[in-house]
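Only one structure is covered here, and it is reproduced in the block below.
Which chain is which? They are A, B and C, in the order written, and residues in each are numbered from 1.
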Amino acid sequence: MAGLTTSDALIQVTGLRKAFGTTLVLDGVDLSIRAGEAVGLLGPNGAGKTTLLKILATVARPTRGAARIAGHDCAREAERVRGLVGLVAHGTHLYDDLTALENLKFWRRFAGERPDPEALQGALAQVELDDCADVRVRTFSAGMKRRLSLARMLLARPRVLLLDEPFSSLDQGARKWLEQYLHAFTAGGGAILMATHAFGRELDVAERLVILANGRIIADTPRGTLGAEEIHRLYALHTEDAS
Amino acid sequence: MTRWLGVVAMLGVLAGLVMAFLVAPREMTQGNVQRIMYVHVPAVWVAYLAFLVVLLGSVAYLWSRAPAADRTAHAAAEVGVVFLGVNIATGAIWGKPTWGTWWTWDARLTSVAVVFVIFIGYLLVRQMTDDPERGARFAAVVGIVGALNIPLVHFSVYWWRTLHQPPTFAKPGPAAASSAIGAALLVNFVGLLLLCAYFIAKRYDLLRAQQEATA
Amino acid sequence: MTFVRRAWAVVWKDVLAERRSKETVNAVLFFSVLLLFVFEFTLGADRDRLASVLPGLLWLGVLLAALLGLGRSFVLERENECWEALLLTPGDKSAVYVGKLAGNLLLMALVEAVVLTLFTLFMNVDVGRALPGLLLVLALGTLGIAAVGTLFGAMTAHVRARELLFPVLLLPVLVPVLLAIVKSTEALLAGEPLGVVSHWLKLLVAADVIYVVVGLLTFDVLLEG
């Protein structure tokens, strides 16, 4: 799509519903995120955060409604969307028996490219893993694996990052690194939707907060306006309302 | 609409019974038990037609993701398995008094048994997948492989049994010439086909009601 | 030819990972040797009877070992949580099927070489003149087994009780291929020329074409979450 201005929505969700058998997980979600925006997605467990991310990532299909990335429908134009989106979720997407460099090499080759060794080393350097290039991923800490996943992402150059609890099990150093990376990403014109159920410093990355409960959005405000107690109260209100 | 189909099916089955018991001749050596053939033989033809429906429904589902196509394939697979079960059971009932055993490994029975197990697998895949939509996709793939496999099963089992090895039992079945027998088979085939269509329609309605209750 | 490059990447990755962990190959080879002992203990007393069922045993051995190996086609993806990532990388997903199929063919070729060698040595099977025909039967039959095995392996990776469902789905579907290879092997080992089993070979070719085409066309549907 030529000529996308920063005011056009990079992520657009309208009337999204998702049912797994008899359970309704998403019940009419509307959301719009522009290029350069980072949005924090909050909500109690089971609210549907992971499902929303999966639909946007084209891993799952909606039951009703639409999800679009840069104007392309996630269900009908899945392959186009996959080239634009990077998903960082619970799975590391890394093969334990391969080294860091081999993992990057595999994923680039699988994407159809002839990987340039310098580019691979460069990506490793950017995530500060260049001295572990020939070390098997099995020995990596959680933080290192997360960084390697992001290196893989760097090489794919997505325009949208979908993150599910990206800061979990990271040490101080890795957290700082990730914050800087995400800031740089939005500064470069990308959009971020980050799901989390913690209230700590992770939220500083996001300038806007969206709260999901019982499959619906119950709040969508700039970050500063909601304090932690306020958010807890909203959770409590809406999970009691379940019946 | 389904009710009319049911009525017509009932009439067809009754007509078939009349043909089998009153019109068709009594077999000389086996006696009346041979009349079970009039259910045994058409049942397998009807089942294979049902599996053809499974093939078409499965392809249609993978192409369009329309739930109706999946329901059709699902219903047809269930009914097809039932009719194959009838074929196997009637074969056993016929076989015991006639040849002294419940089962033989002759070509027809064996190939029916293999196809039966293949489509039991189709139903199992659905049951053992947690997400029903995913189960439908998996079943569609199994349905396509299973249905396309049917002619391969037939030929391979037939060659296995008839080449290098004389058949153990005289092949059961009517002499080609008798028209009353042929007519009885045909009427029973049509009757069972209508019954099969009725069951599939009923099962389809049930599946749709189930799915709409949860939407 | 990006499709080939992508399929090749999958093979390369699987071979590399397997070379390092050696899990699947070791288990399957060890299992094959064990089977040899089981066959000898249960049937070995009567050498004539053993000789007559040898083609069936040979293929039973290959099949059981294959069942073990093919069921693990996607264990790497499952254990390393890479399934999603395969789906999310843009490109024709049937490249994964081709890559996995190629990897499985390599595994099965290894198993067959071992089983055939063990049988020749320990069961006194004279393969000799029948070898070229036998290799053709082997190649066609293995392709059929691996084609369906890879497809169903992808499916059962996501199912409860996958160790149970995989053989239940695979074995009945493989009956035609099994009959074809056992009967052909029997005839070839008895000294018959290849022409005698031409109908079986045609069946194998038909089966292979059907299974591979269905695999190529439907694989991406199995990858979806």
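Going forward, a contact is a pair of C-beta atoms (placed from the backbone, for glycine too) under 8 Å apart; a residue touches a chain by one contact, two chains touch by 3 or more.
Remember, it's a predicted structure, so these values are computed and weren't measured experimentally.
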Chain occupying the most central position, where position means C-alpha average: C
Reference chain A; chain at largest CA-centroid distance: B
Inter-chain centre distance, chain A versus chain B - centres from mean C-alpha coordinates, in Å: 50
Centre-to-centre distance between chain C and chain B (centres being mean Cα positions), rounded to whole Å: 31
Distance from the mean Cα position of chain C to that of chain A, given in whole angstrom: 39
Shared-contact residues (touching 2 or more other chains) in chain A: 61
Residues of chain C touching at least two other chains: 224-225
Interface hub residues of chain B, defined as touching at least two other chains: none
Partner chain A, residues of chain C touching it in the complex: 2, 5-6, 8-10, 12-13, 16-17, 20-21, 76, 79-91, 95, 224-225
Chain C-facing residues of chain B, complex: 62, 114-115, 117-118, 121, 124-125, 128-130, 134, 137-138, 140-142, 144-146, 148-149, 152-153, 155-157, 159-160, 164
Complex contacts: residues of chain B adjacent to chain A: 131-133, 214-215
Chain A to chain B touching residues, read off their complex: 19-22, 61, 63
Chain A residues touching chain C - in the complex, by the definition given at the top: 54, 57-61, 79-80, 82-83, 85, 87, 89-98, 102, 106-107, 109-112, 114, 136
